[in-house]
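Remarks on the structure that follows.
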Amino acid sequence: MDLHEYQAKEIFRGAGIPVPPGKVATTPEEAEAFAREFGGMVVVKAQVHSGGRGKAGGVKLAKTPEEAREHAARILGMDIKGLTVHKVLITPAEDIDTEAYVGVLVDRNSQAPMFMVSAEGGVDIEEVAHTNPDAIRKLTVDPRYGLLPHQAYWLANALYDDPGLIRQAQKVMGQLYNAFVNAGASMAEINPLITTPGGQVKAIDAKVSIDDNELFRRPEIEAYRDTSGEPEAETEARDADLTFIKLDGDVGCCVNGAGLAMATMDLVKYYGGEPANFLDIGGSSSPEKVVNALKIITADPAVKVILFNIFGGITRTDDVANGIVEATRNIDIDVPIVIRLTGTNEELALEILKNAGFEAYTSMDEVVSKAVELANRA
Amino acid sequence: MSIFIDENTRLVVQGITGRDGSFHARQMMEYGTNVVAGVTPGKGGQTFEGPDGRTVPIFNAMDEAVASTGANTSVIYVPPAFAAGAVMEAADAGIDFVVAITEGVPVLDMARAHAFARDRGTRVLGPNCPGLISPGKAKVGILPGQIVAPGPVGLVSRSGTLTYEAVYHLTTAGIGQTTCVGIGGDPLIGTKFIDCLAAFKDDPDTKAIVMIGEIGGTDEQEAAEYVKENLDLPVVGFIAGQTAPPGRRMGHAGAIISGSAGTAAEKMEAFEANGIQVAKRPVEIAELIRAALQG
Amino acid sequence: MDLHEYQAKEIFRGAGIPVPPGKVATTPEEAEAFAREFGGMVVVKAQVHSGGRGKAGGVKLAKTPEEAREHAARILGMDIKGLTVHKVLITPAEDIDTEAYVGVLVDRNSQAPMFMVSAEGGVDIEEVAHTNPDAIRKLTVDPRYGLLPHQAYWLANALYDDPGLIRQAQKVMGQLYNAFVNAGASMAEINPLITTPGGQVKAIDAKVSIDDNELFRRPEIEAYRDTSGEPEAETEARDADLTFIKLDGDVGCCVNGAGLAMATMDLVKYYGGEPANFLDIGGSSSPEKVVNALKIITADPAVKVILFNIFGGITRTDDVANGIVEATRNIDIDVPIVIRLTGTNEELALEILKNAGFEAYTSMDEVVSKAVELANRA
Amino acid sequence: MSIFIDENTRLVVQGITGRDGSFHARQMMEYGTNVVAGVTPGKGGQTFEGPDGRTVPIFNAMDEAVASTGANTSVIYVPPAFAAGAVMEAADAGIDFVVAITEGVPVLDMARAHAFARDRGTRVLGPNCPGLISPGKAKVGILPGQIVAPGPVGLVSRSGTLTYEAVYHLTTAGIGQTTCVGIGGDPLIGTKFIDCLAAFKDDPDTKAIVMIGEIGGTDEQEAAEYVKENLDLPVVGFIAGQTAPPGRRMGHAGAIISGSAGTAAEKMEAFEANGIQVAKRPVEIAELIRAALQG
């Protein structure tokens, strides 16, 4: 789960990281009032779960409270990569001497948290990794020991030469690691970590992703969840314990298993179609799940055909067939449904489906090419 | 032969009295896996009723189970909050091979558990994996036993049902398997492609390998280099997620394209560059393997 | 630093361990009021840094508030092993089914925390270790991982057969370990951990020793320090950064280094004397330290002779000699002082001392036998 | 020969710009120890002025110091709050032997640091120890160089000044030493009696051993058994604290009689039961060693 900048900053502040103050405004008037409160120049920053806010015009400097209001009026409601901005963060503008990058994430290879830091901050770290990989210092943290003081020093030493700045940054490294672990994060990033002309180190942007698997024991972080910007269907799917991602095509896909779901989407494309979504109904395909899945798929007006691809391993495919039949009785669906069921009890399942008037297949290639044909014809 | 499990596997089911644990314990016993013990704290001394009137003793803890039954392998069906602890308990009890089925285990829990298992020389498969099956010998996990058959192909995959799809095509084409391993879709997994490839390399019965990857990470790329440098066997690869959008987690926690890294295209290129034949559709996997085995 | 029972219980409560309520009374009237507040039977427990409170009559059951007052009146001011009782803990009496022992301490051999638990609680665990070592289950905790859930289970399983009790005790093990680590303890003990007829596990006594080296970063625990029961001289010595322990003899000892200080005491005994104290002035023997040491030794009316034993390694013995001369100028001392100085610059040091009229030696045996002779003669 | 340090020792002083670090760095250089680097974060690039116009480069961190100078040994004079971290930094930089002089290091800090050093195969002496000296070759720590002399006796002790006392008697009696090691008085020390005894065993020049213990713990008892089982050399022992009251910490954090365990009487009995001659007074140590070497 991605956090908003202002939420990530709350976590960082709690860990002791020097973060400038900030207030969240949902109206231009609030934005103006907060800017007045802070005095001086402020930055108005769109709070949205997407990168590239700056390029999209979602981050603006305001010299006066009135200007802050004008910026907020323009940014609130703005669409950034398909997500709507509902909140802006108002924060005093800082004098910046240098900008560095500090991030920690879970590294697959070392099976451990890994720091990446670079004196070249304020830009996309992937860009730096690409153009100037030597500018990035990496450190794997042994989870049995945590970040050790000399390791924090070594990281800080990659950013600065001045002993005073190194000492501040060394402290920030330890605080960031603690914030990362205590929040159950999969990624925590300060970009940029700035130095001011007065010799202060400060985190002026913050990005944190929480490991979804940690949320059950961190209700205070689950409470940070903000679905206001995301497609309604994805919110509904999560509530129904389905994994759903909206895409731009017209073939609605309903598959058991993430790998098979991806392969199904790929095959739609292979046969000249475009998938309307990724949807994994998971291992136990109860009728209720099938109902919810169908509701979510059919809510998308772009969908021209619904494609089921179910491989019954432990799951009995006759159960799934019954689920589909039951589900379609209760939902009014005006697009064709094509179904592929194979594996455990497939004869029984195909019988059930045919009796209910569905086109049923046992081959994945057949069903997908049929679905694409129907979509392209519609 | 086969890898990781066979007729010498003596299995403990951790969480045997739970809904999933009890169901799959019976499935594994029916397949012929030698299930020697179950563990559920507080239910030690009770007996698990398997198929055909067979029973399995239940213990409170892994150390007791291992001491009483000489178990060497365990499979974990406990809830996510306790799964990493169960891995460590198994490793501490001297289990050689732990298969963690549980989905939704916190990643930082697993970072510690993997370190712990490494310290003790215990191999972990998973978590969030379907397990593995050595056809005709043993199955550990949730892979369906009816779609596999003994034969010359080693299969390793990050996926569950997609693996069934591939195995199904192989078996219906008359091509059996030495072992099919589902390594799981989490970011931190205990056994990776390379570990399985190395094991298949040492298995004289494995004559060809299927490797099914997906978007996210660089394990497939590294495995491809390993194949080129170390394997003389034909390898067929498939990558799911060619149409996946960047930055979105595709079901599996590890299946996510970060920026420009971990795309299907990148992985398929790495396969081809290292002599691995790439199947464009799942059905092609069996076709390419058949050709390879005949060649 | 040893904590009082009520302080240890505060720490345990903070860690979530089920500890019955309790209030600390410093007068019999307070004790009566708290007993009335709790209602029912209460236990009145002396709060003093010493074992064997029960045997000494420092723990009493009271059926009524009046009885609680009477017990408190008897216990407050009581002397237990040389320490005066200034506080009593009033706590509701519990119905007890079983008594177990749970302790964790730092183990030298494994260089790690070690749990010791036994179903035979409520008695001295050393006694159990002696008479029935098999009744104790021990577990070393790898500090890289902390106490793991299955280890906590294994410990709890040594205490109980009932799954419900095991589950409660398993939780207590984890909480106790966290309390131990977070407090910077060298020992934390629950004795007894009881079960009630209702199937509840509770900690009804608590003992915690803090590693003195941890106190600098734990001011909230340093604030627990209660010197009211200890000899005044030991408090003064600690404030002056000296290590001082009052003993029963008449030869006041002032030595540099703990090992040499012990060996000096032993030699006093060997020559037929009795040391009045252990005193280590440490490595850097500044004049101020010597002054403080002399003040503390001479405050003991039993002291009949003062014995200095200084081996100058890095320390220059002429510095120490000057310190002694300076110190004795400012303190009125009416017992003889004998001094042994050897090592770096000893010729110079002996010269300084002789000029100031002191008896100075270079042999440890000579100076100690001389000191004993003077003490026995006095 | 000698143990742990000799003419091949290349020493880094961690905390070289502090009060104690700078003083003892000079003392060690004067004795002839090869001090190749100093470390103080934030002072990298500066130069430490040693005796006789000699200088030592200062680095910000251990990895830099080791990379630049090929150091193999370090000595720690940093404050207690940072000492365990300094041990881990040294181990991480590949140092073989770390001598931690600092007193007052939190015991649980050291539990982690010792584990870390074990993981990396680094030997730690201390903390809260006076260090060691191989007469005529090198000294690391704070032991006074003027009281030792080269010769056939290995000495190991938990104490500081009491060690000086024993060494002084040996040297004035004309008996020199291979190495004198102060292992320190803390509960958790990295190098114990047994480790030193094993090292002396492998040193052909060590012909007799002095072991100076004190109350607290059971290290002396275990060492005594080790002597009986493994050593052919004569060993003379001394225990300080015969008059110590139980339950009181006698200066050293580790010098405490817990209940009936760790008393001087118990340790002296263990010495005698295992063929170690017990000196009743410090002065007897040299007398017994002289007799042993002549016998």
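To keep things simple, chains are lettered A, B, C and D as they appear, and every chain counts its residues starting from 1.
By our rule, contacts are C-beta pairs under 8 Å (C-beta built on N, C-alpha and C of every residue); 3 or more make two chains touch, one makes a residue touch a chain.
Keep in mind that what you see is a predicted model, and the values were worked out from it rather than measured.
Asker: Write down the chain pair with more C-beta contact pairs when B-C is set against C-D.
Answerer: Most C-beta pairs in contact, of the two: C-D.
Asker: Distance from the CA centroid of chain B to that of chain C, rounded to the nearest Å?
Answerer: 55
Asker: From the C-alpha centre of chain C to that of chain D, how far is it in Å?
Answerer: Distance between chain centres: 27 Å.
Asker: Quick check: how many Å separate the C-alpha centres of chain B and chain D?
Answerer: That gives a centre separation of 51 Å.
Asker: Residues touching two or more other chains, restricted to chain B: which are they?
Answerer: Residues 112 of chain B touch two or more partner chains.
Asker: Show the residues in chain A shared as contacts by 2 or more other chains, in ascending order.
Answerer: Residues 144-145 of chain A touch two or more partner chains.
Asker: Viewed as a graph of touching chains, is the assembly arranged as a line, ring, star, complete set, or other?
Answerer: other
Asker: What is the complete set of touching chain pairs?
Answerer: Pairs satisfying the touch definition: A-B, A-C, A-D, B-C, C-D.
Asker: Considering the complex alone, what residue numbers of chain C touch chain D?
Answerer: 51, 106, 108-109, 111-113, 124, 126, 130, 142-144, 181, 184, 186, 211-214, 216-217, 243, 245, 247, 255-263, 265-270, 275, 278, 280, 283, 311-314, 342-344, 363-365
Asker: Please output the residues of chain A touching chain C within their complex, sorted ascending.
Answerer: These residues of chain A touch chain C: 144-145.
Asker: Which stretch or stretches of chain B touch chain C in the complex?
Answerer: Chain B residues touching chain C: 41-43, 60-63, 82, 85-86, 88-89, 92, 112, 116.
Asker: Using the touch definition from the top, list the residues of chain D that touch chain C in their complex.
Answerer: So the residues of chain D touching chain C come out as 23-24, 27, 80-81, 104-108, 110-112, 114-115, 130, 142-144, 146-147, 157-165, 168, 185, 187-188, 212, 214-215, 217-219, 238, 240-245, 247-248, 250-255, 258-261, 264, 280-283.
Asker: State the interface residues of chain C toward chain B in the complex, per the touch definition above.
Answerer: Where chain C meets chain B, its residues are 145, 148-151, 153-154, 157, 163, 166-167.
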